[in-house]
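Structure below; questions to follow.
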Amino acid sequence: MSDLFRVEGLTKNFGGLAVSRNISLSMPAGERLALIGPNGAGKTTFVNLVTGQIHPSAGRVVLNGEDVTKLGAVRRVRKGLVRTFQVTRLFSQMTPEEHVTLTVLQREGKANRILSRFTGHSEVVGEVESILSTLGLLDVARRRVGEIAYGQQRLLEIGIALALRPKVLLLDEPAAGVPSSDTPRIEQALERLPPSLAVLMIEHDMDLVFRFAKRVVVLAAGEIIFEGLPSEVAANEKVREAYLGNYAHARRIA
Amino acid sequence: MQTVLSIAIDAFAYGMALFIICIGLSLTMGLMRVVNLAHGAFAMIAGYIASYAARDLGLGYAVAIFLAIIGTVIISIPIERLLYRRIYGSPELTQVLMTIGITFCVIGITNYFFGPTLKTIPLPGSLSQPIDVGFKTIAAHRLFVMACGLVVAGGLWFLIEKTDFGIKLRATVDNAAMADALGVRTQVVYAISFAIAIGLAALGGVVGAEFLPIEPYYALRYMVTFLVVVSVGGAGSIPGAVVACLLLGAVDTTGRYLMPEFGNFFFYAAVIAIVCVFPRGFFGRAQ
Amino acid sequence: MSASTDRRWLRDVIGIALIIAAGLAGYWLFPDNLALLTRVIAAALLVLSIDLITGYCGVATLGQASLFGAGAYAAGIACVNGITEPVTLILIGAVAGSVAGLLMGTIMLRAHGLAQLVLSIAIVQLFHEAANKASAYTGGSDGLAGLMVSPLFGMFAFDLWGRTAYLFGLALLVLVFIILKFVVSSPFGMLCRGIKQDPIRIRAMGSFVFPVLLKMFVISGAVAGMGGALAAISTQVVGLDSVSFELSANALVMLVLGGLGSLYGALVGTVIFMGFEHFVSAINPFHWMTMVGALLIAVVLAAPGGLSGLLDRFSASGHRAKRGKA
Amino acid sequence: MRISKRILGVALGALLAGSVSASAETIKIGIIGPFSGPFALQGKNFQAGVEAYMALNGKSVKGNDIEVIYRDLPAANPAQSRALAQELVVKEKVQYLGGVYFTPDAMAITPLLAQANTPLVIFNAATSAIMNTSPLVVRTSFTTAQTTTPLGKVAVDEGVKKVITIVSDYGPGVDAENAFKKAFEAAGGQVVESIRMPMNTNDFSPIMQRVRDSGAAGLFAFLPSGPPTLGFAKAYNETGLKKAGIKFYAPGDLTQESDLPALGDAADGLKTSFHYAVSHDSPENKKFVEAATKAIGSAEQLSFPSVGAYDGMHVIYKMIEATGGKQDAQKAVDAVKGLSWTSPRGPVSIEPATRHITQNIYLREVAKGADGKSINKEIQTFPNQKDPGLATQ
């Protein structure tokens, strides 16, 4: 019960098709876990199940000892289960500063205020600036998001998540679509994540996975087929099969 | 029983008249993603052409229908080229602004040339007689409308499900870029669909004129009805439009029979209930 | 942070000063058209209220006259029953509008897109029908007549020349506009803008969407209701036209014409549309419809973002990236 | 905005210049009516009536030139109505207001009259209660109760004892229902059922089914003139009610002359009661129809609002005569109380107490005229009818 976050037997059927099958895993505080798998393995479905965008056919999601399976996405966020998106979902007309400020105000329960100016909340300025500076976004803080580089947008996704002070953070392919010249900045940001935070990262970029994760879970066809240290992944026969299936098969025949 | 039957047949006739006019709008909104509030304006133009052909030139009803469809499609071509092309893919509200503008212009121009009075389309003797169908007397014209509705529904179903053009159309609707890449000339598909939609509006305007009389404000007067029917059915869906027209026709007709003083309450309460239960319409496509 | 904030402050102060100046200029330039100008102000409140939910929240509506009419009838019925103090009547209108807004929002927010638009139409039709049916209270299609409004502050009577009504309306408009400027630049306003663009993102930020939008519906209802009450006070009659689909559609057209999501667009659109309609119909009552139609088409072709967008394009250096989601 | 201001500037300039050159002798009359929109034809009839009167009676009264200013009010909209009236009074300095098609629009104007010192002569708006809202209102049209009431006796005289009433669900419809019911029951008939149908009813066959099921021997209907009347008349024929011998009674709104060409054979034999038929046989009417046809452009478009306007102008001319061109609303109205004259519709007078017109109501039947076109043929006259709606109050 000491686990900060746990999923038990998570299963989702779409019609007759099982896209998640009996997935169980648990994470203590401070965990750095990577979830990998070939295309169509059900990674994004898993994230959606965990964060409450969709509801499971069976299984439980437990956060801090509390069953949150029945809760909607918003309540889970408020309890500290926060995600980023694989494709950035940002407001093109707003600045990074506004994104983070809005998020902090929301967390503080002040986002619903009608008669105070959005820019008038000096109490959050310090926190916003520190988040933006940690991510190296201060110099674009007042540019419209539509005008800044994609790598910076990805960083802002992480910044928004951090502004929610999460306990568990799900990073859905944080480096997807980022030119390789910018990946070091993402990596740097990931390294600076609060140590007590439990982070589940979904990623394709194996270099990033190996450098970041202490533990790796491999998902294929909606099932967990491997769980262990990054160094063991490559050698695992099932993983090779899942990733290289046809190719390896072809070689064997040849 | 007799009453139920006769209400049912009235509802069916009214529903079919609505269907013929609305199905074209359903196609434009579902397939081409254009909120074409000027749809009724085209039905009205057809009504005027038919009225002119049949009443002033003394041509036959069938000829008048034919001329009305051809004429309306021809009139619509420059409008499509010059105006509608500009709003494909625009935000819905921009489309609303443009098509309301077109409607206003059509109304103003019609009013100028044809005057504000009602225009009738004289029916041939065979259609204007009341016919005794056993349990009630019904206008032959209503039977004709029902037949037209069934033919249109069947014809469209065949066109979309069974023909080469239908395959291209469905492909274009599902994914225009992909269809383009596969060699479907999507511009042509759009142009033909628009023409079909306008042609159907024209047919509906003429054969439905006994229910919705032709006058300059036709386009505005029935705009809401058309829009409601299409969204209840689910834009772009033929079975959806059939079900919506028949159901709303039934609610309307029955409501007006049972409690006429609350006729509108029935109709719009039904609309609210349906939309709340089926937010995309009966057979609406996920967007 | 302070530099851009100051600039925005300054822009709003100038904007509001311009509105006041334009309003007073109207008073001096068209002293004989004050009833028309008062009508424009009432309509402007209605259009502003649509901008709140359409421009800022992305909820398109063709039924906003339900809220306007709720305000107009509430004020009218109160007035006939002896509450004749104008400011009180405006407040009554605001309350009635908010209640109607709450109701309308609760229903409309169940759906999205086209279905939502159709719900709004159905609601305004039901309101219209209800007002027609309740003729004992509303006067039905004959209109609710005989509103005897007391002089404003006991001193300024609502007279033939309409000076009191106009200045009262102008003051109300400016006040509402300032409050709305606060509302849209509050955290809540920012949240609404976020919801307009991407409700899923907003949920992932830990905020519910429905209550936020509903709140905006209530605010919008209050604004529309005040517009209705102003119309009732200045006209002394409330007609069924104040809860009609036609009024709703006209108001939406005015908003789109002026441009969404800036509040200024709502005012520009209302003034241009009603001004154009008035002058064209005075010059040629028989063909104004064609000309108004041509105006709308021309605006779509020349300025798809609305007239205020056109102004922006000329004045602002940076081109606004257009990613409107209606 | 700048453009419109410039237009206004020019307009103001022109106005100023105009008022200087024409001096105080020009008397202005402001006419508000639906000159565009779905009711534009009724507005055109207003204009035709006004122009016909001025063509026949000259454009000046006692040396004062008369100028008519038209303002367009396309649909019932009290706020706009008030704004137009205010503009006419304050800016255009009209001494007389006329026109007004819809009741709420009239209701919005009447509170202004005393302060404006301007009489309002209503050419159409037909709800009784308007007259009570200001002593400065005179009406030369009709009220729904006035045109409907004689039908009650007609029905009973034709042996119809049971009637179902069908009216559009709005003010005038309800007025018509009440007036008919009262008159019919007073004459010994029985209204078996009263149906109020929504204004936007397109398909009338379910209503006709109700008529059939009710077992009534006749139906009384009221619909506002315009497109739905066609569907209604057709449904009456097509559902076999006509063949079944169920009699049809309605006030003349249903068969106004401008709708008759569209109604065609469907209207044949319909009996309606009204204050005016274009086919009315009198020398006054002949002159009027000739002049009004010239004004409106086509004989087919002429219908009842034109005669309301024509007589309205007569009243205004008499007011001007009485006041000698001076603006004195009360004196003007007092001068026409009890005024009687021969209108194109027949002998009429202004009842002093109510300021509403007293006139003949005619029972008419739609029939083919000499030229083969449908007309409302007068078959019975009910002389000197007052407005029962006002009389009872």
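Here the chain labels run A, B, C and D in written order, and each chain numbers its own residues starting at 1.
The criterion applied here is as follows: a residue touches a chain if its C-beta (ideal position, glycine included) is under 8 Å from a C-beta of that chain, and two chains touch if they have at least 3 such contacts.
Keep in mind that what you see is a predicted model, and the values were worked out from it rather than measured.
Participant: Chains shared as neighbours by subunit B and subunit C?
Facilitator: D
Participant: Which chain has its C-alpha centroid at the greatest distance from the C-alpha centroid of subunit A?
Facilitator: Checked the centroid distances; the maximum from subunit A is D.
Participant: If you average the Cα atoms of subunit A and of subunit D to get two centres, how far apart are those centres in Å?
Facilitator: Centres of subunit A and subunit D (C-alpha means) sit 73 Å apart.
Participant: How many angstrom lie between the centres of subunit C and subunit D, each centre taken as the mean Cα position?
Facilitator: 35
Participant: What is the distance in Å between the mean C-alpha positions of subunit A and subunit C?
Facilitator: For subunit A versus subunit C, the centre distance works out to 43 Å.
Participant: On a C-alpha centroid basis, what's the spacing between subunit A and subunit B, in Å?
Facilitator: Taking the mean C-alpha position of each chain, the two centres sit 49 Å apart.
Participant: At which residue positions does subunit B touch at least two other chains?
Facilitator: Within subunit B, residues 111, 261, 264 contact more than one other chain.
Participant: Would you mind listing the residues of subunit C that make contact with two or more other chains?
Facilitator: Residues 129, 133, 286-289 of subunit C each touch two or more of the other chains.
Participant: Counting only residues that touch at least 2 other chains, which ones in subunit A make the list?
Facilitator: Not one residue in subunit A touches at least two other chains.
Participant: Identify every two-chain combination in which the chains touch.
Facilitator: Listed in label order, the chain pairs in contact are A-C, B-C, B-D, C-D.
Participant: Could you please specify the touching residues of subunit C with respect to subunit D in the complex?
Facilitator: That would be residues 29-36, 38-39, 42, 129, 132-133, 135, 139-143, 145-146, 159-162, 231, 234-242, 246, 271-272, 275-276, 279, 281-282, 285-289 of subunit C.
Participant: Going by the contact rule set out above, which residues of subunit D touch subunit C in the complex?
Facilitator: 1, 4-5, 7-8, 35-37, 40, 43, 70-72, 75-80, 82-83, 85-87, 89-91, 103-105, 107-108, 110-112, 115-116, 127, 129, 133, 169-172, 174, 198
Participant: Residues of subunit B touching subunit D in their complex?
Facilitator: Counting only subunit B, the residues touching subunit D are 3, 6-7, 10, 13-14, 111, 115-120, 122, 130, 132, 136-139, 141-142, 210-213, 215-217, 221-222, 225, 252-254, 256-257, 260-261, 263-264.
Participant: For the complex, give me every residue of subunit A touching subunit C.
Facilitator: Subunit A reaches subunit C through residues 51, 53, 73-74, 77-78, 82-83, 85, 89-94, 97-98, 102-103, 105-107, 110-119, 121, 125, 142, 144, 146-147, 160, 164.
Participant: So in the complex, which bits of subunit C are touching subunit A?
Facilitator: Listed in rising order, the residues of subunit C that touch subunit A are 1, 4-5, 8, 182-183, 185-191, 193-194, 197-198, 200-201, 203-208, 212, 215, 219, 320-321, 323.
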